[in-house]
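Next come the structures, one after another.
Each of the two complexes below includes chain A, the first together with chain B, the second together with chain C.
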Partner chain A sequence: MKSKKGNSLISLYWFFILGIIVGGVLIMTNAFYSAPYDVRNMEAELLGNHVANCISPEGKMHHLLIIGGRFFPAFKEDFEGKCKLNFAGFEDWDIEEYYVHVEIFKGAAKIPSYNLSAGNKNWEIDCEAEGVKFNKLPVCFNKTYYSYDNQSTLWRIELLSAVSKVQENVK
Partner chain B sequence: MRNKKAQTSETITWIVATIIIVLLLLFFIFGASMLGSTRVVEGKFKESLISKSFESNSDLFLKKSIIAYYNVGENYARGLERNLISLNNAGNFRGNFTLELNEIQNLI
Partner chain C sequence: MKRRNKRGEILVENVIFIVLNLVFISILAIFLINQSSGVVLLEQPYAKQLALLADGARPGMKIYLDMTSAKKISEKKGIPFENVISVDGNAVYVKLSEHSGKGYTFFNDIKLNAYPQESLQGEERYTGLYVLVFSHQNSVLEDSNEV
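And now, the complex of A and B:
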(Lines of atoms letter the chains of each structure in order from A and count residues from 1; the text may use other names and numbers.)
(Lines give C-alpha, C1' and ligand atoms only; values in the text may rest on other atoms or scores of the structure.)
Protein backbone atom coordinates (compact mmCIF):
# COMPACT_ATOMS: atom_id res chain seq x y z
CA MET A 1 0.00 0.00 0.00
CA LYS A 2 2.82 2.33 0.94
CA SER A 3 4.63 1.59 -2.30
CA LYS A 4 1.53 2.45 -4.35
CA LYS A 5 1.30 5.85 -2.66
CA GLY A 6 4.98 6.48 -3.33
CA ASN A 7 4.58 5.55 -7.01
CA SER A 8 1.70 7.99 -7.52
CA LEU A 9 3.72 10.72 -5.80
CA ILE A 10 6.64 10.12 -8.17
CA SER A 11 4.27 10.22 -11.17
CA LEU A 12 2.91 13.54 -9.95
CA TYR A 13 6.45 14.79 -9.55
CA TRP A 14 7.31 13.75 -13.12
CA PHE A 15 4.28 15.59 -14.47
CA PHE A 16 5.34 18.63 -12.48
CA ILE A 17 8.89 18.53 -13.96
CA LEU A 18 7.46 17.94 -17.46
CA GLY A 19 5.23 20.99 -17.00
CA ILE A 20 8.18 23.12 -15.91
CA ILE A 21 10.24 22.03 -18.95
CA VAL A 22 7.38 22.60 -21.42
CA GLY A 23 6.73 26.01 -19.87
CA GLY A 24 10.44 26.85 -20.07
CA VAL A 25 10.66 25.88 -23.75
CA LEU A 26 7.57 27.98 -24.53
CA ILE A 27 9.03 30.99 -22.71
CA MET A 28 12.37 30.51 -24.56
CA THR A 29 10.70 30.31 -27.98
CA ASN A 30 8.57 33.34 -27.22
CA ALA A 31 11.56 35.34 -25.96
CA PHE A 32 13.56 34.53 -29.11
CA TYR A 33 10.91 34.97 -31.79
CA SER A 34 8.91 37.84 -30.32
CA ALA A 35 11.77 40.27 -30.99
CA PRO A 36 10.67 42.67 -33.73
CA TYR A 37 12.50 43.47 -36.95
CA ASP A 38 13.64 47.10 -37.01
CA VAL A 39 12.74 48.21 -40.54
CA ARG A 40 12.92 51.94 -39.84
CA ASN A 41 16.12 52.34 -41.88
CA MET A 42 14.29 51.12 -44.96
CA GLU A 43 11.17 53.06 -44.12
CA ALA A 44 13.11 56.34 -43.70
CA GLU A 45 14.92 55.72 -47.01
CA LEU A 46 11.66 54.93 -48.82
CA LEU A 47 10.10 58.09 -47.40
CA GLY A 48 13.15 60.10 -48.51
CA ASN A 49 13.01 58.57 -52.00
CA HIS A 50 9.29 59.33 -52.25
CA VAL A 51 9.76 62.99 -51.29
CA ALA A 52 12.76 63.35 -53.64
CA ASN A 53 10.69 61.91 -56.49
CA CYS A 54 7.94 64.38 -55.65
CA ILE A 55 10.18 67.47 -55.48
CA SER A 56 12.22 66.62 -58.55
CA PRO A 57 10.52 63.94 -60.62
CA GLU A 58 12.98 62.58 -63.22
CA GLY A 59 15.63 64.96 -61.90
CA LYS A 60 13.81 68.19 -62.78
CA MET A 61 12.15 70.41 -60.18
CA HIS A 62 8.39 69.91 -59.83
CA HIS A 63 6.56 72.17 -62.28
CA LEU A 64 4.34 73.54 -59.48
CA LEU A 65 7.24 74.20 -57.10
CA ILE A 66 9.23 76.61 -59.26
CA ILE A 67 7.42 78.70 -61.82
CA GLY A 68 9.45 81.17 -63.87
CA GLY A 69 12.47 80.82 -61.57
CA ARG A 70 10.41 81.61 -58.46
CA PHE A 71 8.96 79.41 -55.79
CA PHE A 72 5.22 78.96 -55.86
CA PRO A 73 3.87 79.33 -52.27
CA ALA A 74 0.85 77.08 -52.87
CA PHE A 75 3.17 74.08 -53.03
CA LYS A 76 4.38 74.70 -49.47
CA GLU A 77 0.85 75.19 -48.19
CA ASP A 78 -0.24 71.85 -49.56
CA PHE A 79 3.09 69.98 -49.36
CA GLU A 80 1.52 66.81 -47.91
CA GLY A 81 -1.25 66.80 -50.50
CA LYS A 82 1.02 67.55 -53.45
CA CYS A 83 3.49 64.84 -52.44
CA LYS A 84 0.75 62.39 -51.38
CA LEU A 85 2.05 62.11 -47.82
CA ASN A 86 -0.21 60.73 -45.13
CA PHE A 87 1.33 60.75 -41.66
CA ALA A 88 -1.89 60.01 -39.78
CA GLY A 89 -0.90 56.36 -39.23
CA PHE A 90 -2.81 53.97 -36.99
CA GLU A 91 -5.64 55.06 -34.72
CA ASP A 92 -3.74 54.20 -31.53
CA TRP A 93 -0.83 56.52 -32.36
CA ASP A 94 -0.85 59.47 -30.01
CA ILE A 95 1.74 61.40 -31.98
CA GLU A 96 2.87 61.60 -35.59
CA GLU A 97 5.70 59.12 -36.06
CA TYR A 98 7.17 60.65 -39.23
CA TYR A 99 8.96 63.84 -40.18
CA VAL A 100 10.22 65.24 -43.46
CA HIS A 101 12.22 68.40 -43.94
CA VAL A 102 13.54 69.74 -47.24
CA GLU A 103 15.81 72.73 -47.75
CA ILE A 104 16.35 74.05 -51.26
CA PHE A 105 19.43 76.18 -52.04
CA LYS A 106 20.09 78.06 -55.25
CA GLY A 107 23.43 76.92 -56.72
CA ALA A 108 26.18 77.20 -54.10
CA ALA A 109 24.20 79.49 -51.76
CA LYS A 110 24.61 78.93 -48.02
CA ILE A 111 21.14 80.14 -47.03
CA PRO A 112 18.16 78.12 -48.22
CA SER A 113 15.87 79.84 -50.69
CA TYR A 114 12.96 77.68 -49.69
CA ASN A 115 12.08 75.01 -47.21
CA LEU A 116 9.32 72.49 -46.83
CA SER A 117 8.43 70.35 -43.86
CA ALA A 118 5.72 67.96 -42.72
CA GLY A 119 5.14 65.70 -39.74
CA ASN A 120 6.34 65.82 -36.15
CA LYS A 121 9.03 68.51 -35.84
CA ASN A 122 10.30 67.06 -32.53
CA TRP A 123 12.15 64.30 -34.38
CA GLU A 124 14.41 66.87 -36.05
CA ILE A 125 16.18 67.57 -32.73
CA ASP A 126 16.72 63.84 -32.16
CA CYS A 127 18.20 63.54 -35.65
CA GLU A 128 20.83 66.10 -34.72
CA ALA A 129 22.21 63.69 -32.10
CA GLU A 130 24.54 62.17 -34.69
CA GLY A 131 26.61 59.15 -33.78
CA VAL A 132 24.49 58.31 -30.75
CA LYS A 133 23.55 54.64 -30.89
CA PHE A 134 20.34 54.53 -28.93
CA ASN A 135 17.58 52.56 -30.57
CA LYS A 136 14.80 54.47 -28.81
CA LEU A 137 15.67 57.49 -30.95
CA PRO A 138 14.07 57.94 -34.38
CA VAL A 139 15.96 56.70 -37.43
CA CYS A 140 16.97 59.52 -39.75
CA PHE A 141 17.83 59.58 -43.43
CA ASN A 142 19.90 62.51 -44.72
CA LYS A 143 20.69 63.19 -48.37
CA THR A 144 22.03 66.03 -50.44
CA TYR A 145 21.39 66.05 -54.15
CA TYR A 146 21.00 68.41 -57.08
CA SER A 147 18.23 69.29 -59.47
CA TYR A 148 17.49 71.84 -62.19
CA ASP A 149 14.52 73.87 -63.37
CA ASN A 150 13.07 75.09 -66.69
CA GLN A 151 15.63 77.88 -66.85
CA SER A 152 18.55 75.43 -66.36
CA THR A 153 19.23 76.86 -62.90
CA LEU A 154 20.96 74.51 -60.46
CA TRP A 155 19.26 73.76 -57.13
CA ARG A 156 20.86 71.94 -54.21
CA ILE A 157 18.36 69.98 -52.13
CA GLU A 158 19.04 68.82 -48.58
CA LEU A 159 16.53 66.23 -47.48
CA LEU A 160 15.89 64.80 -44.04
CA SER A 161 13.36 62.09 -43.30
CA ALA A 162 12.80 60.60 -39.85
CA VAL A 163 10.80 57.63 -38.66
CA SER A 164 10.22 57.06 -34.94
CA LYS A 165 7.80 54.11 -34.49
CA VAL A 166 9.77 52.77 -31.52
CA GLN A 167 6.93 50.62 -30.18
CA GLU A 168 6.56 48.69 -33.45
CA ASN A 169 10.28 48.22 -34.17
CA VAL A 170 12.26 48.09 -30.94
CA LYS A 171 12.03 45.55 -28.12
CA MET B 1 15.18 3.11 10.35
CA ARG B 2 17.47 2.20 7.46
CA ASN B 3 14.58 2.39 5.02
CA LYS B 4 13.71 5.88 6.28
CA LYS B 5 17.30 7.06 5.81
CA ALA B 6 17.33 5.78 2.23
CA GLN B 7 14.04 7.57 1.53
CA THR B 8 15.43 10.87 2.88
CA SER B 9 18.57 10.69 0.71
CA GLU B 10 16.49 9.86 -2.35
CA THR B 11 14.19 12.83 -1.69
CA ILE B 12 17.19 15.15 -1.30
CA THR B 13 18.57 13.86 -4.64
CA TRP B 14 15.30 14.71 -6.38
CA ILE B 15 15.10 18.15 -4.77
CA VAL B 16 18.66 18.92 -5.93
CA ALA B 17 17.83 17.57 -9.42
CA THR B 18 14.74 19.79 -9.57
CA ILE B 19 16.77 22.85 -8.58
CA ILE B 20 19.37 22.05 -11.27
CA ILE B 21 16.63 21.65 -13.91
CA VAL B 22 15.03 24.97 -12.93
CA LEU B 23 18.41 26.77 -12.92
CA LEU B 24 19.29 25.35 -16.34
CA LEU B 25 15.93 26.45 -17.72
CA LEU B 26 16.40 29.95 -16.32
CA PHE B 27 19.86 30.12 -17.90
CA PHE B 28 18.50 29.11 -21.32
CA ILE B 29 15.54 31.52 -21.04
CA PHE B 30 17.98 34.33 -20.29
CA GLY B 31 20.19 33.26 -23.24
CA ALA B 32 17.22 33.09 -25.62
CA SER B 33 16.02 36.57 -24.64
CA MET B 34 19.57 37.90 -25.13
CA LEU B 35 19.90 36.30 -28.58
CA GLY B 36 16.40 37.36 -29.56
CA SER B 37 17.08 41.10 -29.44
CA THR B 38 15.82 43.49 -32.12
CA ARG B 39 17.11 42.64 -35.60
CA VAL B 40 17.90 45.68 -37.70
CA VAL B 41 17.04 45.39 -41.38
CA GLU B 42 19.29 47.63 -43.47
CA GLY B 43 17.93 49.65 -46.35
CA LYS B 44 19.42 47.87 -49.32
CA PHE B 45 17.08 47.27 -52.20
CA LYS B 46 17.21 44.95 -55.18
CA GLU B 47 17.39 46.51 -58.65
CA SER B 48 14.17 44.70 -59.65
CA LEU B 49 12.18 41.63 -58.63
CA ILE B 50 13.88 39.46 -61.26
CA SER B 51 17.35 40.83 -60.56
CA LYS B 52 19.92 38.19 -59.62
CA SER B 53 21.95 40.45 -57.32
CA PHE B 54 20.71 40.88 -53.77
CA GLU B 55 21.18 44.61 -53.61
CA SER B 56 21.06 47.51 -55.99
CA ASN B 57 24.22 49.43 -56.83
CA SER B 58 22.36 52.42 -58.23
CA ASP B 59 21.43 55.46 -56.22
CA LEU B 60 18.34 57.55 -56.91
CA PHE B 61 19.93 60.75 -55.56
CA LEU B 62 23.12 60.27 -57.56
CA LYS B 63 21.06 59.68 -60.72
CA LYS B 64 19.05 62.86 -60.15
CA SER B 65 22.24 64.85 -59.50
CA ILE B 66 23.91 63.56 -62.67
CA ILE B 67 20.80 64.36 -64.72
CA ALA B 68 21.02 67.89 -63.28
CA TYR B 69 24.73 67.99 -64.19
CA TYR B 70 23.92 67.37 -67.86
CA ASN B 71 21.03 69.85 -67.91
CA VAL B 72 22.31 72.94 -66.10
CA GLY B 73 24.23 75.77 -67.65
CA GLU B 74 27.99 75.46 -68.13
CA ASN B 75 28.76 77.92 -65.32
CA TYR B 76 26.99 75.64 -62.83
CA ALA B 77 28.28 72.35 -64.26
CA ARG B 78 31.96 73.06 -63.53
CA GLY B 79 31.45 73.45 -59.80
CA LEU B 80 28.82 70.72 -59.68
CA GLU B 81 31.15 67.95 -60.83
CA ARG B 82 33.57 68.83 -58.03
CA ASN B 83 30.73 68.92 -55.48
CA LEU B 84 29.36 65.57 -56.64
CA ILE B 85 32.78 63.93 -56.33
CA SER B 86 33.25 65.29 -52.81
CA LEU B 87 29.71 64.21 -51.81
CA ASN B 88 30.40 60.76 -53.25
CA ASN B 89 33.67 60.52 -51.30
CA ALA B 90 31.83 61.58 -48.14
CA GLY B 91 29.48 58.61 -48.59
CA ASN B 92 26.41 60.63 -49.53
CA PHE B 93 25.77 58.42 -52.56
CA ARG B 94 25.66 54.65 -52.58
CA GLY B 95 26.13 54.04 -56.30
CA ASN B 96 29.24 54.02 -58.44
CA PHE B 97 29.77 57.63 -59.49
CA THR B 98 31.81 57.04 -62.70
CA LEU B 99 29.55 54.19 -63.84
CA GLU B 100 26.36 56.20 -63.34
CA LEU B 101 27.91 59.24 -65.05
CA ASN B 102 28.76 57.19 -68.16
CA GLU B 103 25.42 55.36 -68.13
CA ILE B 104 23.38 58.58 -68.06
CA GLN B 105 25.66 60.23 -70.64
CA ASN B 106 24.84 57.39 -73.04
CA LEU B 107 21.12 57.84 -72.43
CA ILE B 108 21.09 61.61 -72.97
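And now, the complex of A and C:
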Protein backbone atom coordinates (compact mmCIF):
# COMPACT_ATOMS: atom_id res chain seq x y z
CA MET A 1 0.00 0.00 0.00
CA LYS A 2 2.86 2.32 0.91
CA SER A 3 4.69 1.76 -2.35
CA LYS A 4 1.49 2.43 -4.37
CA LYS A 5 1.07 5.85 -2.72
CA GLY A 6 4.69 6.58 -3.40
CA ASN A 7 4.32 5.60 -7.06
CA SER A 8 1.30 7.83 -7.64
CA LEU A 9 3.09 10.69 -5.87
CA ILE A 10 6.10 10.26 -8.18
CA SER A 11 3.78 10.22 -11.23
CA LEU A 12 2.07 13.44 -10.17
CA TYR A 13 5.41 15.06 -9.44
CA TRP A 14 6.70 13.84 -12.80
CA PHE A 15 3.77 15.35 -14.73
CA PHE A 16 4.14 18.57 -12.80
CA ILE A 17 7.79 18.74 -13.95
CA LEU A 18 6.70 17.91 -17.52
CA GLY A 19 4.11 20.68 -17.32
CA ILE A 20 6.80 23.18 -16.32
CA ILE A 21 9.02 22.00 -19.20
CA VAL A 22 6.17 22.30 -21.71
CA GLY A 23 5.31 25.76 -20.41
CA GLY A 24 8.93 26.85 -20.75
CA VAL A 25 9.20 25.45 -24.28
CA LEU A 26 5.94 27.18 -25.30
CA ILE A 27 7.08 30.54 -23.93
CA MET A 28 10.51 30.25 -25.58
CA THR A 29 9.13 29.12 -28.95
CA ASN A 30 6.57 31.86 -28.93
CA ALA A 31 9.21 34.48 -28.09
CA PHE A 32 11.51 33.15 -30.82
CA TYR A 33 9.00 32.78 -33.65
CA SER A 34 6.98 35.90 -32.95
CA ALA A 35 10.06 38.15 -33.13
CA PRO A 36 10.03 39.88 -36.54
CA TYR A 37 12.98 39.84 -38.91
CA ASP A 38 14.76 43.18 -38.86
CA VAL A 39 15.47 44.07 -42.47
CA ARG A 40 15.99 47.79 -41.93
CA ASN A 41 19.76 47.57 -42.49
CA MET A 42 19.22 46.27 -46.00
CA GLU A 43 16.39 48.70 -46.60
CA ALA A 44 18.44 51.73 -45.53
CA GLU A 45 21.33 50.60 -47.76
CA LEU A 46 18.97 50.05 -50.69
CA LEU A 47 17.48 53.50 -50.16
CA GLY A 48 20.96 55.07 -50.02
CA ASN A 49 22.09 53.32 -53.19
CA HIS A 50 18.82 54.13 -54.95
CA VAL A 51 19.27 57.86 -54.26
CA ALA A 52 22.99 57.70 -55.13
CA ASN A 53 22.11 56.18 -58.50
CA CYS A 54 19.55 58.90 -59.01
CA ILE A 55 21.90 61.80 -58.15
CA SER A 56 24.66 60.49 -60.39
CA PRO A 57 23.44 57.81 -62.77
CA GLU A 58 26.35 55.87 -64.27
CA GLY A 59 28.83 57.98 -62.29
CA LYS A 60 27.86 61.36 -63.79
CA MET A 61 25.77 64.02 -62.07
CA HIS A 62 22.11 63.96 -63.09
CA HIS A 63 21.63 66.17 -66.15
CA LEU A 64 18.65 67.92 -64.52
CA LEU A 65 20.47 68.57 -61.24
CA ILE A 66 23.40 70.59 -62.59
CA ILE A 67 22.91 72.60 -65.75
CA GLY A 68 25.82 74.68 -66.99
CA GLY A 69 27.70 74.26 -63.70
CA ARG A 70 24.74 75.53 -61.63
CA PHE A 71 22.17 73.67 -59.61
CA PHE A 72 18.71 73.58 -61.07
CA PRO A 73 16.12 74.33 -58.33
CA ALA A 74 13.34 72.32 -60.01
CA PHE A 75 15.19 69.12 -59.10
CA LYS A 76 15.00 69.97 -55.39
CA GLU A 77 11.34 70.87 -55.62
CA ASP A 78 10.49 67.49 -57.11
CA PHE A 79 13.25 65.41 -55.51
CA GLU A 80 10.94 62.48 -54.66
CA GLY A 81 9.43 62.45 -58.12
CA LYS A 82 12.74 62.79 -59.94
CA CYS A 83 14.31 59.99 -57.89
CA LYS A 84 11.21 57.77 -58.03
CA LEU A 85 10.67 57.74 -54.27
CA ASN A 86 7.37 56.99 -52.60
CA PHE A 87 7.39 57.33 -48.81
CA ALA A 88 3.61 57.11 -48.41
CA GLY A 89 3.65 53.59 -46.90
CA PHE A 90 0.59 52.10 -45.24
CA GLU A 91 -2.57 54.17 -44.89
CA ASP A 92 -2.46 53.97 -41.08
CA TRP A 93 1.01 55.51 -40.84
CA ASP A 94 0.85 58.80 -38.96
CA ILE A 95 4.40 59.71 -39.84
CA GLU A 96 6.76 58.99 -42.69
CA GLU A 97 9.08 56.13 -41.81
CA TYR A 98 11.85 57.05 -44.27
CA TYR A 99 14.35 59.87 -44.51
CA VAL A 100 17.04 60.72 -46.99
CA HIS A 101 19.43 63.67 -46.96
CA VAL A 102 22.03 64.52 -49.58
CA GLU A 103 24.77 67.15 -49.32
CA ILE A 104 26.77 68.05 -52.42
CA PHE A 105 30.20 69.63 -51.96
CA LYS A 106 32.38 71.14 -54.68
CA GLY A 107 35.66 69.20 -54.58
CA ALA A 108 37.16 69.37 -51.08
CA ALA A 109 34.96 72.23 -49.85
CA LYS A 110 33.66 72.01 -46.30
CA ILE A 111 30.42 73.87 -46.84
CA PRO A 112 27.89 72.11 -49.04
CA SER A 113 27.00 73.84 -52.29
CA TYR A 114 23.61 72.18 -52.39
CA ASN A 115 21.48 69.87 -50.37
CA LEU A 116 18.42 67.76 -50.92
CA SER A 117 16.18 65.96 -48.47
CA ALA A 118 12.95 63.97 -48.37
CA GLY A 119 10.97 62.16 -45.72
CA ASN A 120 10.76 62.59 -41.96
CA LYS A 121 13.49 65.00 -40.81
CA ASN A 122 13.18 63.80 -37.19
CA TRP A 123 15.14 60.67 -38.00
CA GLU A 124 18.25 62.73 -38.76
CA ILE A 125 18.70 63.55 -35.07
CA ASP A 126 18.31 59.88 -34.13
CA CYS A 127 20.97 58.96 -36.68
CA GLU A 128 23.40 61.30 -34.94
CA ALA A 129 23.14 59.24 -31.75
CA GLU A 130 26.20 57.18 -32.64
CA GLY A 131 27.17 54.27 -30.47
CA VAL A 132 23.76 54.06 -28.88
CA LYS A 133 22.46 50.55 -29.29
CA PHE A 134 18.74 50.89 -29.01
CA ASN A 135 16.78 49.00 -31.61
CA LYS A 136 13.78 51.33 -31.40
CA LEU A 137 15.83 54.00 -33.15
CA PRO A 138 15.83 54.19 -36.95
CA VAL A 139 18.56 52.36 -38.83
CA CYS A 140 20.82 54.71 -40.77
CA PHE A 141 23.16 54.34 -43.71
CA ASN A 142 25.92 56.80 -44.69
CA LYS A 143 27.67 56.97 -47.99
CA THR A 144 30.24 59.35 -49.48
CA TYR A 145 31.22 59.24 -53.11
CA TYR A 146 32.51 61.44 -55.91
CA SER A 147 31.04 62.33 -59.25
CA TYR A 148 31.71 64.60 -62.23
CA ASP A 149 29.34 66.88 -64.05
CA ASN A 150 29.26 67.67 -67.79
CA GLN A 151 31.95 70.34 -67.33
CA SER A 152 34.24 67.80 -65.59
CA THR A 153 33.86 69.52 -62.21
CA LEU A 154 34.41 67.15 -59.28
CA TRP A 155 31.62 66.91 -56.71
CA ARG A 156 31.66 65.12 -53.37
CA ILE A 157 28.31 63.69 -52.37
CA GLU A 158 27.49 62.81 -48.77
CA LEU A 159 24.35 60.83 -48.34
CA LEU A 160 22.35 59.76 -45.32
CA SER A 161 19.39 57.42 -45.46
CA ALA A 162 17.26 56.29 -42.53
CA VAL A 163 14.49 53.75 -42.10
CA SER A 164 12.42 53.64 -38.92
CA LYS A 165 9.62 51.05 -39.35
CA VAL A 166 9.99 49.97 -35.72
CA GLN A 167 6.55 48.38 -35.53
CA GLU A 168 7.25 45.98 -38.40
CA ASN A 169 10.82 45.10 -37.48
CA VAL A 170 11.26 45.25 -33.72
CA LYS A 171 9.34 43.40 -31.07
CA MET B 1 -1.69 -15.80 -6.67
CA LYS B 2 -0.84 -12.70 -4.65
CA ARG B 3 2.53 -12.37 -6.33
CA ARG B 4 1.03 -12.63 -9.81
CA ASN B 5 -1.48 -9.82 -9.07
CA LYS B 6 1.22 -7.54 -7.70
CA ARG B 7 3.41 -8.03 -10.76
CA GLY B 8 0.45 -7.27 -13.05
CA GLU B 9 -0.38 -4.04 -11.23
CA ILE B 10 3.16 -2.75 -11.50
CA LEU B 11 3.30 -3.55 -15.19
CA VAL B 12 0.01 -1.78 -15.99
CA GLU B 13 1.05 1.31 -14.01
CA ASN B 14 4.38 1.48 -15.79
CA VAL B 15 2.84 1.02 -19.21
CA ILE B 16 0.31 3.81 -18.57
CA PHE B 17 3.07 6.04 -17.26
CA ILE B 18 5.27 5.43 -20.33
CA VAL B 19 2.37 5.84 -22.76
CA LEU B 20 1.36 9.14 -21.14
CA ASN B 21 4.95 10.36 -21.31
CA LEU B 22 5.17 9.42 -24.98
CA VAL B 23 1.89 11.20 -25.70
CA PHE B 24 3.16 14.29 -23.90
CA ILE B 25 6.46 14.34 -25.81
CA SER B 26 4.71 13.65 -29.14
CA ILE B 27 2.35 16.60 -28.63
CA LEU B 28 5.33 18.82 -27.82
CA ALA B 29 7.24 17.63 -30.91
CA ILE B 30 4.21 18.18 -33.19
CA PHE B 31 3.76 21.66 -31.76
CA LEU B 32 7.42 22.54 -32.40
CA ILE B 33 7.35 21.15 -35.96
CA ASN B 34 4.14 23.07 -36.71
CA GLN B 35 5.62 26.25 -35.32
CA SER B 36 8.79 25.99 -37.41
CA SER B 37 6.93 25.40 -40.68
CA GLY B 38 3.88 27.46 -39.97
CA VAL B 39 2.00 30.22 -41.69
CA VAL B 40 3.23 32.99 -39.40
CA LEU B 41 6.83 32.07 -39.99
CA LEU B 42 6.54 32.22 -43.79
CA GLU B 43 4.25 35.19 -44.39
CA GLN B 44 6.46 37.83 -42.84
CA PRO B 45 9.77 36.82 -44.52
CA TYR B 46 8.08 36.50 -47.91
CA ALA B 47 6.45 39.94 -47.57
CA LYS B 48 9.75 41.52 -46.56
CA GLN B 49 11.67 39.67 -49.26
CA LEU B 50 9.21 40.90 -51.90
CA ALA B 51 9.39 44.49 -50.63
CA LEU B 52 13.21 44.43 -50.69
CA LEU B 53 13.14 43.00 -54.22
CA ALA B 54 10.83 45.84 -55.23
CA ASP B 55 13.16 48.38 -53.60
CA GLY B 56 16.12 47.14 -55.60
CA ALA B 57 14.24 46.61 -58.86
CA ARG B 58 14.21 48.75 -61.98
CA PRO B 59 11.43 49.09 -64.56
CA GLY B 60 11.61 46.28 -67.10
CA MET B 61 12.91 43.69 -64.63
CA LYS B 62 11.28 40.26 -64.34
CA ILE B 63 12.05 38.15 -61.27
CA TYR B 64 11.05 34.54 -60.59
CA LEU B 65 10.56 33.80 -56.89
CA ASP B 66 10.40 30.23 -55.63
CA MET B 67 7.39 29.99 -53.31
CA THR B 68 6.95 26.22 -53.26
CA SER B 69 6.73 26.06 -49.47
CA ALA B 70 4.11 28.84 -49.49
CA LYS B 71 2.14 26.97 -52.18
CA LYS B 72 2.00 23.80 -50.04
CA ILE B 73 0.73 25.71 -47.00
CA SER B 74 -1.76 27.89 -48.90
CA GLU B 75 -3.25 24.81 -50.60
CA LYS B 76 -3.53 23.10 -47.24
CA LYS B 77 -5.26 26.16 -45.76
CA GLY B 78 -7.65 26.60 -48.71
CA ILE B 79 -6.14 29.77 -50.17
CA PRO B 80 -5.71 29.67 -53.97
CA PHE B 81 -2.05 30.12 -54.90
CA GLU B 82 -2.88 33.03 -57.22
CA ASN B 83 -4.23 34.95 -54.21
CA VAL B 84 -1.14 34.50 -52.03
CA ILE B 85 0.57 37.74 -53.14
CA SER B 86 -1.34 40.98 -53.57
CA VAL B 87 -0.03 44.48 -54.21
CA ASP B 88 -1.73 47.67 -53.09
CA GLY B 89 0.15 50.80 -54.12
CA ASN B 90 3.52 50.61 -52.45
CA ALA B 91 2.66 47.73 -50.14
CA VAL B 92 2.95 44.04 -50.84
CA TYR B 93 0.85 41.49 -48.91
CA VAL B 94 1.33 37.75 -48.41
CA LYS B 95 -1.64 35.68 -47.25
CA LEU B 96 -1.31 31.97 -46.56
CA SER B 97 -4.43 31.33 -44.52
CA GLU B 98 -7.90 32.77 -44.02
CA HIS B 99 -7.16 34.49 -40.72
CA SER B 100 -3.63 35.73 -41.30
CA GLY B 101 -1.63 37.89 -43.66
CA LYS B 102 1.42 40.14 -43.56
CA GLY B 103 2.27 43.25 -45.49
CA TYR B 104 5.37 45.36 -45.99
CA THR B 105 5.96 48.62 -47.84
CA PHE B 106 8.63 49.58 -50.35
CA PHE B 107 9.97 53.07 -51.10
CA ASN B 108 10.70 52.56 -54.78
CA ASP B 109 8.01 54.29 -56.85
CA ILE B 110 7.61 51.34 -59.17
CA LYS B 111 4.66 49.27 -60.37
CA LEU B 112 4.77 45.62 -59.32
CA ASN B 113 2.70 42.97 -61.04
CA ALA B 114 2.88 39.53 -59.40
CA TYR B 115 1.33 36.31 -60.70
CA PRO B 116 2.05 32.58 -60.32
CA GLN B 117 3.80 30.77 -63.15
CA GLU B 118 1.46 28.27 -64.77
CA SER B 119 2.59 24.70 -65.19
CA LEU B 120 2.60 23.31 -68.71
CA GLN B 121 3.14 19.72 -67.63
CA GLY B 122 1.61 17.50 -64.98
CA GLU B 123 -1.60 17.77 -63.02
CA GLU B 124 -0.66 20.79 -60.95
CA ARG B 125 -1.88 24.14 -62.27
CA TYR B 126 1.08 26.17 -60.94
CA THR B 127 4.80 25.42 -60.73
CA GLY B 128 5.34 27.06 -57.35
CA LEU B 129 7.20 30.02 -58.85
CA TYR B 130 5.84 33.55 -58.68
CA VAL B 131 6.65 35.95 -61.49
CA LEU B 132 7.31 39.55 -60.47
CA VAL B 133 7.20 42.09 -63.27
CA PHE B 134 8.32 45.65 -62.59
CA SER B 135 7.30 48.60 -64.71
CA HIS B 136 7.01 52.39 -64.45
CA GLN B 137 4.28 53.58 -62.07
CA ASN B 138 2.32 55.22 -64.88
CA SER B 139 2.91 52.34 -67.25
CA VAL B 140 -0.04 51.33 -69.43
CA LEU B 141 0.82 47.62 -69.12
CA GLU B 142 -2.24 45.83 -67.78
CA ASP B 143 -2.10 43.55 -64.72
CA SER B 144 -2.52 40.50 -66.88
CA ASN B 145 -0.80 37.16 -66.76
CA GLU B 146 0.84 37.55 -70.13
CA VAL B 147 4.27 39.09 -70.38
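By definition in this document, the second predicted complex is superposed on the first by the 143 of 171 C-alpha atoms of A that agree within 3 Å, B and C clash if a C-alpha of one lies under 4 Å from a C-alpha of the other, contacts with A are read in each partner's own complex, and residues count from 1 in each chain.
As a convention for this text, a contact is a pair of C-beta atoms (placed from the backbone, for glycine too) under 8 Å apart; a residue touches a chain by one contact, two chains touch by 3 or more.
Please read all numbers here as calculations on a predicted model, not as lab measurements.
Shared-chain residue A:Leu47: touches chain C; no touch with chain B. When both complexes are overlaid on chain A, the residue A:Tyr148 reaches chain B alone and has no touch with chain C. By the touch criterion defined above, A:Phe134 reaches neither chain B nor chain C. Of the two partner chains, chain B is the only one that A:Ala108 touches; chain C does not reach it.
Residue contacts after overlaying the shared chain place A:Tyr37 against chain B and chain C alike.
If you count the residues of chain A touched by chain B and by chain C, you find the higher number for B.
Contacts of A:Ile17 after superposition: chain B is touched, whereas chain C is not reached. Legend: residue contacts after superposition of the two complexes on their common chain; A:Glu168 is shown touching chain C, with no touch to chain B.
The interface of chain A with chain B overlaps its interface with chain C at residues 29, 33-34, 36-37, 39, 42, 46.
Across the complex, chain B is touched by residues 13, 17, 20-21, 24, 27-29, 31-39, 41-42, 44-46, 49, 52-53, 56, 58-60, 107-108, 135, 141, 143-148, 152-155, 169-171 of chain A.
Residue ranges of chain B in contact with chain A, taken from their complex: 14, 18, 21-22, 25, 28-29, 32-33, 35-43, 45, 60-65, 67-69, 71-73, 76, 79-80, 83-84, 87, 92.
By the touch criterion given at the top, residues 4, 7, 11, 14-15, 18, 22, 25-26, 29, 33-34, 36-37, 39, 42-43, 46-47, 50, 80-81, 84-90, 97-98, 165, 168 of chain A touch chain C in their complex. By the touch rule above, chain C contacts chain A in their complex via residues 9, 13, 17, 20-21, 24, 28, 31-32, 35-36, 38, 40-41, 44-45, 48, 51-52, 55-56, 89-91, 103-105, 107-110, 137.
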